[in-house]
């Protein structure tokens, strides 16, 4: 039962003088992992922001069948003067769900953030912030994940963990679109190569 | 003639309740490449900032024999509403050097930023910004490079390029301290493993 | 429930470091003080000047704190997350506005008349001042938030905000001050008060709904 | 040479987007306008009120634009780079201050008396107003920059800045206004003018040198 | 720094400070309270009413000492600021942090007592003159110090920022005070000067002096107690104060 999560058809986008996409069409269905690849400046981040609806294309249709989306950009989406726990609580509030303390503790344990539960975000290292944003993503129970360079500033153990999580998520009917420069592609991922026109 | 560029002796640092370093001593000499490794939150970025003098340790001595240092942190150090060229010009002003247009063009060519010369920094992609900050580093002609995750958000070709540059820089008597999560260590680098105490 | 939880988050951010929540209040006192002090030789005993000064300072206090209404959230990316939850965005925005009003509007509504009394206003006139501030401050918050939302992410300071929003503030400023002045002069002020209410109703109903889409649009680089 | 190049960079940033450089000026006019308009019935013909209003507005204009003096540079990391070039940091700071003064202090020094003339001030009194603003605005820039530097990177808005810096502004405000008032009253103002100069000299010599170390310290999270 | 006696140098170490100062605080509290009670009862009950103001002048015995004390506290903070910037003394930093809130509260007291006094004598609780304004500014400066300490998370940076603000603020207070000469004031000028005539009748003088002295002593007690608390909290990782800090938190 692989339902469609998002379709993009005939996308055209030209920020500034140089054209990024012209007639790009992509469809993301449940269970799918899509990895965007391409050199610096080819438009991966732009495409992800368009998918999320944070940026408007010049023309073309973007249809989102699941809402809300989980988006992980270059900014972590964590309030820096709140603690880790308070940020997690906020995510579940946004989703209208009750905050499940036990699950949150479990996830923090998995990401080795247990000791940081009551630290302010601004006191965390970059990698720890990124880990925390993954915990938020998991707490949010989003169907479709849009991730911009999710492995950057994670250590090897963290990267491994995230790879497994993505695989697990897509195995359970979720989907993920990932922009990455990592040398080893994700398991089961469909590669989309973007180039500079 | 490998002169000493920087020494740290008996460093102690404890931001918050948890101790990061206790009695750490490092010395960096010309020609040396040092790679800091360790899990997220072990204190790599903190150590680099202390080396640069952007952060004060709780105790211990930091002596810098070369000044100014080239520091590349998580922020790119580029004025976002100036163009690439204007930023490069600023770097050479700070160093009291005359701006060498030809060399700048060469470097931009190497980093495939030639077409972006007159773009504003805020119009560049993350990887392009990082590339531009490398060009600044090279224009500044610093002896000692301190780099915090320099490979993040670079594509494979860019990463290769930077690796070569670091090797070349240290070959010519410069030195570099690099924090990285990359799976393959730098050539000739002395690894310093930091751990969580 | 969700509203309450979101409101709590905003207050948490506001009050994280204790004294900070007093800053708008101290700011208000400081600015009123500076004004009254510098203008003291001309205003002695004229309550109408005090009213004007308090109203103008209220505008500034509100402006300065509005500047950061969405800024922090934009900088750390939480605004983008909020915007993507399109069913919760109105709740987010409303709680933000209410929280802002709670920490600036309410204290000013209380302090304004208190300062007036200290400066020798009659208790009747001071209460009227308090009443107009009570209807005026939400309007000020709403209009300011609207313009702030348009400017999110442009990296501009309070100056641009002021230049854009001050013209919008003129009506509520005029009506608010007029009601008090007319009351002091024992003249009729019904139509001015009516306009104050009209502005209040208009802004509090329309603006919270408009803010969600505006903020989403503002994400576009 | 280096000073000139750095100064050009600051102006470039200031003027990159055209109209924006006019914002402080528009702000100034708008606020003076609002005041004069709201206070009009009490001030008719009294030039001393105009002087006070213009001086206070000058303070606020300066405050609002000071807020972003180091903010942008800190956000994009160029401040850290500048701080690491310890032999160039004083030059960087000085050019920043001069640039800030060029786009706020100078226009206000010119506009202040012009507005005064428009409001019916005698040309003599207006020139004296201009003169005090000329000595006063650099002092204001210096003191404001000092406090702004202490707050770099804390993510606080102009409110906190105002609360910290307004008490420091009181002397220059008092003396500046006194000189003008005494001049209007045809009284002697030498000692007040002396204090204005003393404040100018003190702040312009000490503060630029102190800012480098302070900014370096402010990098520490 | 050989000229500093050993017992004082001992106090520069947090651990010794924490231990030694406890007894001092107790003594200061006792002395100050007794002195203040004696002075106030004397002033309120045994001194004849004043010629012009009747009984309302009796608030003098609270107002004048405190209004005086807060200025001394502020200047002492600025001196600690200089000490901290020059010698990097940790204790100077602790002193600034400990004294600022006390100074702030006492300034509120000075303002309120002045206003209570002003209501009957001046006919208004507040006038704008150099004396009152400089006291008001003092309040804002104290408040600024407290806020600055709170908003800067990093202690090294906070201490330096505090020192600088305190030093610049002192210059301000001086300027405002000197400007008394030029601005007409309703508030009376200083009537007790170190080298000059004393314009207060001797009957009022004795209780006034007792109160001035005891407010000094009491404030010293408050500040030292606050310092002791900060010393303990800032060295949580040490062993000698674990128990005490834990006890405080419950």
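Each chain gets a letter, A, B, C, D and E, in the order it is written, and its residues are counted from 1.
In the analysis below, a contact is a pair of C-beta atoms (placed from the backbone, for glycine too) under 8 Å apart; a residue touches a chain by one contact, two chains touch by 3 or more.
Remember, it's a predicted structure, so these values are computed and weren't measured experimentally.
A.B. asks: Using the touch definition from the top, what's the fewest steps needed to get from chain D to chain E?
C.D. replies: Minimum step count, chain D to chain E: 1.
A.B. asks: Measuring between Cα centroids, which chain is at the maximum distance from chain A?
C.D. replies: Greatest centre separation from chain A goes to chain E.
A.B. asks: Taking each chain's centre as its mean C-alpha position, how far apart are chain C and chain E in Å?
C.D. replies: Centres of chain C and chain E (C-alpha means) sit 36 Å apart.
A.B. asks: On a C-alpha centroid basis, what's the spacing between chain A and chain B, in Å?
C.D. replies: 28
A.B. asks: Measuring centre to centre with CA averages, how many angstrom lie between chain B and chain E?
C.D. replies: Once rounded, the distance between the two centres reads 49 Å.
A.B. asks: For chain E, jot down the residues that touch at least 2 other chains.
C.D. replies: Residues 133, 140, 143, 147, 151, 153, 156.
A.B. asks: Taking each residue of chain C in turn, which ones touch at least two of the other chains?
C.D. replies: Within chain C, the residues that touch at least two other chains are 20, 23, 26, 30, 72, 75, 155, 221.
A.B. asks: Touching at least two other chains at once: which residues of chain A meet that condition?
C.D. replies: 15, 80-81, 122
A.B. asks: Can you check the complex and tell me which residues of chain E touch chain C?
C.D. replies: Contacts found on chain E: 124-126, 128, 133, 136, 140, 143, 146-147, 150-151.
A.B. asks: If you look only at chain C, which of its residues touch chain A in the complex?
C.D. replies: It is residues 2, 5-6, 9, 12-13, 16, 72-73, 75-78, 80-88, 92, 216, 219-221 of chain C that touch chain A.
A.B. asks: Could you list, by residue number, the parts of chain E that touch chain D in their complex?
C.D. replies: 133, 137, 140-141, 143-144, 147-148, 151-154, 156-157, 160-161, 164-165, 168-169, 171-172, 175-176, 179, 182
A.B. asks: Under the touch definition given earlier, write down the residues of chain B that touch chain A in their complex.
C.D. replies: It is residues 15-16, 18, 38-41, 43, 45, 74, 112, 115-116, 119, 123-128, 130-131, 149, 152-159, 181, 183 of chain B that touch chain A.
A.B. asks: For chain C, which residues are in contact with chain E within the complex?
C.D. replies: Touch residues, chain C against chain E: 17-20, 22-23, 26, 30, 33, 36-37, 40, 118-120.
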